[in-house]
Each structure stands twice: as C-alpha cells, then as structure tokens.
Amino acid sequence: MAGNTFGKLFRVTTAGVSHGPGYLCIIDGCPAGLELSVDDLLPDLQRRRPGQSRLTTQRDESDIPEIWSGVFEGRTDGTPIGILFRNTDQRSTDYTDIQEKYRPGHADYTFDAKYGFRDYRGGGRSSARETICRVAAGAVAKKLLARFGIRVLGYVKQIGPVIADIPDPTALTLEDIEATPVRCPNPEAAQQMITLIDAVRKDRDSIGGICELVATGVPPGLGEPVFDKLKADLGKALLSLPAVLGFEYGAGFGVATARGSTNNDVFVPAGSCQGASGVAIQTETNRHGGMLGGISSGMPIVCRVAIKPTSSIPRPQRTVTKHGEPTEILVKGRHDPCLLPRFVPMGEAMMALVLVDHLLRSQISRL
Amino acid sequence: MAGNTFGKLFRVTTAGVSHGPGYLCIIDGCPAGLELSVDDLLPDLQRRRPGQSRLTTQRDESDIPEIWSGVFEGRTDGTPIGILFRNTDQRSTDYTDIQEKYRPGHADYTFDAKYGFRDYRGGGRSSARETICRVAAGAVAKKLLARFGIRVLGYVKQIGPVIADIPDPTALTLEDIEATPVRCPNPEAAQQMITLIDAVRKDRDSIGGICELVATGVPPGLGEPVFDKLKADLGKALLSLPAVLGFEYGAGFGVATARGSTNNDVFVPAGSCQGASGVAIQTETNRHGGMLGGISSGMPIVCRVAIKPTSSIPRPQRTVTKHGEPTEILVKGRHDPCLLPRFVPMGEAMMALVLVDHLLRSQISRL
Amino acid sequence: MAGNTFGKLFRVTTAGVSHGPGYLCIIDGCPAGLELSVDDLLPDLQRRRPGQSRLTTQRDESDIPEIWSGVFEGRTDGTPIGILFRNTDQRSTDYTDIQEKYRPGHADYTFDAKYGFRDYRGGGRSSARETICRVAAGAVAKKLLARFGIRVLGYVKQIGPVIADIPDPTALTLEDIEATPVRCPNPEAAQQMITLIDAVRKDRDSIGGICELVATGVPPGLGEPVFDKLKADLGKALLSLPAVLGFEYGAGFGVATARGSTNNDVFVPAGSCQGASGVAIQTETNRHGGMLGGISSGMPIVCRVAIKPTSSIPRPQRTVTKHGEPTEILVKGRHDPCLLPRFVPMGEAMMALVLVDHLLRSQISRL
Amino acid sequence: MAGNTFGKLFRVTTAGVSHGPGYLCIIDGCPAGLELSVDDLLPDLQRRRPGQSRLTTQRDESDIPEIWSGVFEGRTDGTPIGILFRNTDQRSTDYTDIQEKYRPGHADYTFDAKYGFRDYRGGGRSSARETICRVAAGAVAKKLLARFGIRVLGYVKQIGPVIADIPDPTALTLEDIEATPVRCPNPEAAQQMITLIDAVRKDRDSIGGICELVATGVPPGLGEPVFDKLKADLGKALLSLPAVLGFEYGAGFGVATARGSTNNDVFVPAGSCQGASGVAIQTETNRHGGMLGGISSGMPIVCRVAIKPTSSIPRPQRTVTKHGEPTEILVKGRHDPCLLPRFVPMGEAMMALVLVDHLLRSQISRL
C-alpha cells in the first residue's frame, strides 16, 4: 500500500533506486499472446535516456532491459513480465553533499519527514531514473494498444514563452516529433526552443514547459462513469511523474472563461460506426478532448501537462541542513536544463498504461 | 472494477441514480471512535444542495442522509458506515426528450457506446446528483482530519474573466466563503461574479470558472513516493468530479514559463517541528503548493481546478438522435448557469477523502 | 481496507447490522445486459431465511430485497447494483444481557479487543444476518454464471456422525436438495439427520456438520497461477462465512495418507473440447476436485466445508463479564440447533461469487 | 489482476519461472526502520532449499537472494524491497518430454487451456521454485512480527498414517523442529516418518501429509469482521501454496461431529491484559484455534494444511499428449518423495505474511 503499483488490470510494480544495483519492474496482467522482445522496449528507453543531445544531461546510464520472465518463444505467456535494469554510472561521490543539506525543489526533506531517514544517494527512490521502469512498461502497453489500433504520441508544446502551433496533432508521426532533439514537431518553434534552452543553460538556470499528449484510434466507451473516469486516471498517471504541476485535457483551463453555448461540442453524423451503440457519430469540434462523462467519445484524446524547470541548477541556493540550520548548497551532477524533451516518452508511457488498463476493463463491461 | 469505489484505506463505494429510489454510500475503513451523527453531514450537504440561491438550480432535492450503520452510541464503531439518500423530486417528464437525442457535453452518447444502452432518466448514473454521496463521505473525512488538526477549505477563485485576489488563503474562514452565495471570499469579486452569472442566465447561457482548494495543518510526510504521490491522488480525485477539465497545484501551469532559479522554494528554519525528521523547517515561498516529490512538506496544500460552463443550457442545440440522424435538442429541466458555487463543497470533499486516505497510510509507513 | 468488500472484478461491498435499520449491498462490476429482477434473488433468500422449518430458527426476518440501482428496464446497465434490506423483527430486548457478558464462541470479546467497544445488539456486525447480502449478490452471480453454462449447487453432506452417500453429485438437481428441510439429497441420510437435529434441540444443544459444494460446467482455465489460485479464492470465500472451521477440495485431507501413484488423476481423451488448448481431454477420476495448479481443469469443482455447532445454545454457560469477572450466561433468542440447512445457500453464494470473478478475469487473460 | 500480488498493506509481488534467468520479488508496504539484511533471509531459504537431506530432492538450486532496494544502511527505508534470485541448475534437457505430454497432477494442461500455450520448461510459472520468493518475503514478515512479540512456527504433524502427538505446540522451539530432517518435533514419530519416506522412495512413489502451524504472541483484535476474516485470509494464503488440498484451524473438521455444549471455549480471567478492551481474559480451551468471528482472540492461532503426495513420481503414468492422444509419461528430474519437510518454511511464510498484513491493518482500525 506504499504506492509502488500502478493500474488495476494491467498492473506495473517497481522497485529500485538510482544508486543501488538497479531496478526491478513487474508487469502483471498483460494478456498472453502478445509478440514481445527487448527490441520493443529499446526505442522508448532510448528516447528517455540521458545524453541524447546537448539539451539533455550527459550521464551514461545503462538503459538496456533484461526480460527475465513473462515472455516465452517471443510472445507474452500470461505470467508476470519481469524486467531488470542494472545501474552502472553511479558516481556516488557527486552526491555526498546532499546527505546533510536539503536541495530546494527536491524530496530530500519530505522523505526525512516521512520515514525519519532516507537513501541520500542521488535522490534514492525519488530519482527520476525510476521512470525507466515506467517507460519500459509503457512500451509493452503501446504494443498492446497497437493491436487494437490505438496510438499514443507526445510532443513538446511549449518551453518558456515559446508556444508551438500544431494545427492537427492527429496527423503527426513519430518522425515529425523526433526530427529535433527538443521533440517539438513544429520546426520553427523547435529551433526557438533549442536556442532558449542553450541560453538558459549558459545562464546556469533551467526552464519549464508544457507537453501535449494525443491518443488516436481510441474507441468510444473507455473509462468508468464515477471515480475511475478516464480523465481522472490520466490525470493521476501524469501527475505521478516527477516535476508535473498541472494537467488539463481538451479546452482545459480555458473553460474558465468559456460559455456553454460555445464550449459544447456539437454531435454530427460520422463516416463509420464505433462502440456498442452501433451508430456512426462524432463531434464537430473537440473541446472535450475526447472524453465525455469521463468516458472516451471516439474523438482523439488530447491532454497537456505542465512541467516545472529542473530543480537542480548549477548555482548556489539557500537552504537548511537536516538539523534545520541555514546554509547554502550547490547541487552537483549533470542535470537537464529543461526536462521537456526527455519527458515526452515518460508522458506517453503513462498515457498508454491508463489506456491499456481501461481497454481491458472495457472487455468485461457488458455481455 | 467498474470504478465505483474511491480510496485505498478509507474507501467510499456508491450506487444509485438520480431518478431511481435513491443513493447508497458505504464508507469502509473509518477508524472506530470518531464522534459522528447526521448533524455532521448536513452543513456540507446543504452547501451542495440545489436551490440555495438564485444562482443555483431550484430543484428541491431531498438531501437528508440516513445513517444505517457504522455509528453506535454516537461514535463510529469500526464497521462500515452505510448512508442512504432518497430521491424525491424526480419529475421524470422533464427528461423524456433525452431518451432519443444525445445532449451535447453530456455522457449520453458515451454511455450508449460503452454499455449498449443507458438509463436515460435525468442522466442516470452520470447525473451530478451522485456527488451527494461524495459530499457526505467527505464530511466524515473532514471530521476525522479535524482530529489531526487538518482543515480543508475551497472557494471560487474565478468565474469567466472575473478573478478574485485572495492574498492569504490560509487565513480564510468558512464564514468568509459563505458570506456570498457565489462562495468567493473576496467581496468585490464576489459581487462582480454574481452580476456576471445573472447576466449569463438572462442570456440563456452558462459560464465556467476556477475553484481553489487549500488544506492547512497537513503534517509533512503524507503521500507515497512513486505512483500514489499526493499530487497525483488529488488530481485524480478532483478530475473525477463532473465538469472538471483541469487540475494544478502550487505554481501550476505557470511553471511553463518559470526558471529554476526563481521557481524553487528556499528552505528556511521554522518555529516548530513537524514530521519524523524532527527538525523545524519550512519554505520561504510556496510555489510547490505544499508537496515536494509528491509528499506533503508541511506548507499549505493549494490547488485549483477548472470547471466548464454547464452543458445544459436553455437554448436549442444541434445534435444527433441515437440513430445518428441530425436533429436539435432543447434541454429541459432546471440547471445552474454556473457550477462553481455548488462545486466548492464537492471539491473540498474529494480533497478531504484523499488526505484522510494518506493520513491513514502514513500511520503505517514507519516503525 | 476494513474488509467489507469481496472480489476483484465482480465486487460486493456490504454494510449494516442486525439491529439497525437494515443492510446495504453494492455489487460493482456486473456486466451490462444481464436480465435481472427481484424475483431472481428471492429463491435463494428464501432458502437462507430463518423459520423455514422446525429445524431452523423461527425469527421472522424480512428478507425482501429492494433493488435501488444498476438495473434498468429489466437488465443490468453496467452501473453498480444497489440492494437494500430492511430489518423488521428486531426484538432488541432479547439481547440486553450480552452487553455485559461475552458469549462463548461469539465475536463479542474480539470486537471489544479490536475496537474498544461494540454494537452489542444481536451480534451487531458479526451477526449471521449479514449473509443476506452475500446470498443476494450470489444470486446475481449465479444468474451470470448460468449464461456461461455454469451451475453451483450445495447440499448437506454430514451432520454429526450421519454421513450421506452421494454417488454422483453432478447429477443432482435443486429439487433433490430441497426435497427435505435438511437439504441433504440422500433421503435416508436426510431422515437420520432430521431425527438427530430434533434430538439435539430437545437436549438444548447444537450440532455441527459438513456442506459439500459442486460447480459443473466450469470451463478449464479459470483461476490464476500463483496467489489467486481458484482453490485459494474458494477457500477464502467459504472460510469468510460464520462458523466455518475447515475447507477442503477433491480428495481433501484424505491426501495425507495417499500415495502419488494412486492420488494422481490420469488424463484421458474426452468427447468434447473446452478451453484455449483446443483439445478434448478430461481426467479419469477427480481426486483433484476440478483444479490443477489452482486452475480449473474442466472437471466438476467439488469442495467441502466444516461448520461448527451453533455457539448459541439454550443452556447456561460459564464466561466472564466485559470487566473480566467470572459469570454465567444464558444466551436468549431463537437459534438454529444446526446451521447446516441454512448454510447451503450461503456456501453456494460464495462459490458463485468466486467463479464469476474468475470468469471475468479469464476474459482478459489472453488475446 | 493476474494474481501475482499477495497482501493488501504488506504486498508481495513476484515474477519468474524455474528455467528462465531467475525470480523477482518486490515487497511493498514494509514500514521503514526495520533492521534487515540478506542474513535474515538465509535461514528460511536454507530450510526451503532442495538437497538438504536424502528426504528431499538433490537439485542444487542457488538460493542466495540479492536485495536490490528498500534497505539502506541496514534498515528498511520505506521504499519497496526488491529481491532477486538467479537460477543456476536448470538442466533443461530433463524436461523436454513434458512439452508434448501432460503430467498427471500438474498444471501443464490447465495452463494450455488458460493461455493457449505455456512455458513447458520445468513447470514454468507453476514450478514450486516460485515459493522461494514467498519464503524470502515471509522472512521479512517474521522479522517484523518479532518486533511485536509474534512468532510463527510450523512442523510436520502427519505423514501417511504416522501422526505425531505434540502436546503443547506453543512450547516448541525452532530447534525442536529442525532436530530431524523431516521437521517433526516428536522424535519418535519423526523416526517413523523418515522410515516411511525412505520406503516410499524405494517404491518409486510419494506420500502426503499434514503440516500444523502455530502463531503465538498474537494480540487479540487482528482480522476484519466480514470478508477479510483472519481465518479466511490464512486459508487463502495456505491454499495458494502448491499441493495443498485442505485447510482447517482449531478443532477443524472435527466440529462436524461436535456439539455446542462441548465445542464452545469458555472464557476465564487471564493473568495479563491485551487488546483495546482493557480486560485480562482468555479461553480455557482452544478449539477456536485463536480466532473468534474471524478476529484473533489472543490465544495461539493453530491451523493445519493437507498436502498431497508429490505428483511427479519416477514411474510411468498414463496420460495424453497435448493433441489429446493417449500416451505414457515418465516424469524425469529429481523430486521429493514427500513434500512435507520443505513445506514447513513455505507454510510459515504465508502465515507470517497474513499476520503482518493484519497487524498493519489493526494499526488504523481505531483512533
């Protein structure tokens, strides 16, 4: 009950810290019969990896997964998928200072307040390296979703004041997104973002941004009506990622100033029929972000998350020691000046995990 | 697994529809020994009730709970708390039209797509009357939190373009909030909001807004490090409410344009000591909204949710029939032109449920 | 987390005590589209009811369920099924003595030890009247199972020294079982049991026995390999009923003296094919009780539970007061001299709930 | 939802198969602050290990755990405990025959029926080697229980017709049990059991038996009143182990022939006070096996499980191929002629896991 499992039917449980031997990830509930190998996991793990470009930290983590179980003769066999990651580039000496001082913006203090002590090496369990398990599990989820024609894609929508115009997110390809190291599919905005991140890094600072995520091919009917609304589970999934301070879908916070007469999406006939209702129907606009009453409508699911500027910045910052005395800390180590580019695969993974869970739940929601 | 239970240790399960005999609510996991009676539930139920003012719908729902179990001689006794609400003012005839046509912005179509058919009377299970159970359960949660010195308050922060300045949310009292029917504790903004809502209603339209929620007295250490981060569970809880399209905490979406050097909250010594770390510490600012690494920091927890304009507006709207043919619908019934005032107790209830759950979890997180 | 919910996909949550206003039962996860009405619940509720014959207690409980939600136009609609039972014949005055003294064999003392106090009226939450909710939920489960060709039947196998020979349990009909008030389908044994129970009652005593339960039509493949083995979930379900002290399936405790060479059930070709393996296969004998590796084999599932003699007997018994002082108690009220006849529908209900849960789980175990 | 997690607050999730790289075990919910090292796990793992004596199989499994996370500077730190076991002595060639033929008494056929195919190497996920994770997790649970004065011990009560008389199980020490390789603390019976097992092995056969488990120091008040009764969770835990066909506690199946007047355990004053009731009380006898109403009474918890004779015997057995054709199989490999001696630590582990879970639950059951 300490919160290291995600999902109800497609369940991911993880353990591990950044400066121990490595990470364990167990996926329970993946149906048997899905073709799967390490090669399916590598692309997203590579996208999450540090050191991909000058925009991201140069740590050389070993991000090669070992699948220990759950796959037999190339297919999932219904038993739990056990995945391992070994830690290699630990450089513990980089982190000795944080044993005594609380880094601003980090979980050092709250861990001590919760448990009485903490693994102070590299953030311990609160290290973002933990997302390696999520990305691996998300890759399995994506592969399963693909069997049902569902695709999840994320990209950088905003960094600092630079906002990318993306007229039709559903037309994007993975290549569009991967075209630049900043993972913004609008080339002009991408260039501005890169320039901005470079400037921020030179200024020994960091910068925040917004990631947009889009799921296409989602049939109407995913999501449960009351507490486990699809929007609620997506919100939880994405807010469980480090550095996320906000989640919105469809018109999002823009609804605060909207009127019902313009905010409602009008239903119109559609070309093809989806869902148990047996009618061909869609909405003219998508201010509802593909979810009505917390249940997917068949329209693309579109959401956005706000990511704070990296808390670890190469500048001295005021703080206190673990004894409560004022001091200063200079957080060492190699840190991304902007988390957004590497966030994209993490966000996709969490969205995929939610969709798979609800896809399985939808299989048993009616006779 | 159909999502009608909320919480892990303090679990709320509900059933019922707006136009059946009534609602059932079972709270499982409330510790024994809490003084509790129907009188503890009434104030928040009254705040949630329709017909409180001209700003809210004039339906006369009977919102008197019956506690059938779980309380003995004035105290919770450890067994599940069973609560009933009877439906009285059903006026089914108001809703006959929606059997054939899909209301824009509602869950009519998505229910049909999910289950093949639906209880079309008054929204059935997707009716916001379902929140009556949440508010009752939230009142129990609030009473339990109060035993630990924790208080949850919500208020209207924004309606349409009117944004209320609330310099110190932690200084607010329930009376400040209840002073106006719009539940905005800034009197000047409240008056503007009331004027706006009146104008919108006369215009046969509706308007959205933002509700801010604040929890004070929360000790550091609530929340689990990875998937069940406090921020994630708060996000899920609030996004599970009808009409919510966005959630943010602390600096929220503002972090997109922030730099680490100004976004990080600096740790400083504090007057008194909280949590297992045994040190007296706080932050100078609260851009982190009281949560670091998903764990409470001891600072006030501050979050905001975006609520869309009421989908049911007294105007004809284009839509389709359940057979997919274009038509027009005029949604009858009495509907709030702005959901915000009645949303406040719902938001508080969900926040309280999350905090109680994590409070119980924190009791067993260390020896 | 206080244990008032049973099942993972087909979830039953209950509240209520024997001497409060009544009981609440919420079934979450029943697929939409199942024809259901109160009439489906009545037969098993009638079988569970006190006062059916001179063998059972003459209390006149009102066991008429009210379905408040989850059924629309005669079919389950995917939303939670809310069921209510009102208590009518409470006679609280029968129970005043037990406020001060601990009844031997009952949960009075353990409730006080757990919660510090208890609802002393009629056993409160530990009253066997709580099984009314289980039997109602079990009737829904049975109806769903019947859609898949699965049938659950129980009967009295043994009372005291009288053991009924039932050569082929799979050939039994409900009528065979209901032919006598003791619910033993072997007429000769049934008569001996009735005579025995009459003698025991005249002797102001009570007597134990064994109930056997058989599920037929269960396809191979239900049950999960490791912790949620079908045998484990059946064991938990039946042991969660009051007065059950033992559970065994197939050869049961008889395996202690068996050898592998005779205990193994040999596989042989079968007439028809079941399960994903696509082969027609069965076992020659059924010492494995229809489960291998905790997964159903396609053979009938056969298990037995041991039920203690009623703890409430109309004799003075030594005990202590709640202050720990030695005293004597004469438990008043009307109590069955033998629990077995009324246990049968309870046991069937729990078996049905487990099978439905695993049936749903099996729907998502492979692509 | 595929059943690879056990427990609600102290949760154990496992993955792995006998002939893959190894096993993963994640314990989530262990409170921070418990002293723990690999040395705490080794004794029970050694007791579970094959090849301890001529009574057990001579496979040389490597049973050395690696703790990858959750322990920092010698104490659990509140984060999930990740444990790894590597497989070394796989000898895959021993198992090629079982790819085509279904072994009687094993899960080969039911896996195929469930998933459509299976990992046929050494039983795959159904291999009893999976219990290595349970025993490791159980060792952690035992250490936590010891902090609260609770001890769990198991021993062999019966093998074939040899029944050991154990007058006072609560007086036993671990040394008494480990004195003989058969783990029966009655020396005379132990010798007879050893002689019997030797004879059975020479006869190329196997034999079943009964394991008794005793928990002492359990405070009154553990267990939840309705579905999660302590007896129910113990039953599930033990029935989830391979080869278990029956579970009983206290008087067990003996209650079938008992009368209430002699079966009820009389309450009497006790020397010291336990539990929230604040009174010093115990029962004169313990036919209730330490649980009343599914809640611990403070008396020793005593239960028994029936274990079938090993299904793998070194004799040809009739069976069918996976295509349903009659054939014969000679199961190769090294197998225990009697599972009982190695079962003891497995049974203890599962009992410990249940008690720890309920111990944590009891921490939050009253204010």
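Just so it is clear, A, B, C and D label the chains in written order, and each chain counts residues from 1 on its own.
The rule is short, and it goes like this: contacts are C-beta pairs under 8 Å (C-beta built on N, C-alpha and C of every residue); 3 or more make two chains touch, one makes a residue touch a chain.
Not measured: the values here are computed from a predicted model.
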| item | value |
| --- | --- |
| Joint neighbours of chain D and chain C, given as chain labels | A, B |
| Contact-pair overlap exceeding half with A-B, pair selected from B-D, C-D or A-D | C-D |
| Length of the line joining the C-alpha centres of chain A and chain C, rounded to whole Å | 45 |
| Centre distance in Å when chain B and chain C are each reduced to the mean of their C-alpha atoms | 39 |
| Multi-partner residues of chain A (at least 2 other chains) | 1-5, 8-9, 14, 29, 32-33, 78-79, 114-116, 125, 225, 364-366 |
| For the chain A and chain C complex, residues of the former touching the latter | 1, 9, 29, 31-34, 78-79, 147, 225, 360, 363-367 |
| Parts of chain A lying in touch with chain B, wherever the complex brings them together | 1-6, 8-9, 14, 102, 104-107, 109-116, 125-126, 130, 158-161, 200, 205-210, 219-229, 231-237, 239-240, 242, 244-261, 263-270, 274-281, 283, 288-289, 291-298, 306-313, 315, 317-320, 322-326, 361-362, 364-366 |
| List of chain A residues in touch with chain D within their complex | 1-5, 8-9, 11, 13-17, 20-24, 26, 28-30, 32-33, 66, 68-70, 72-73, 75, 77-82, 84, 114-119, 124-125 |
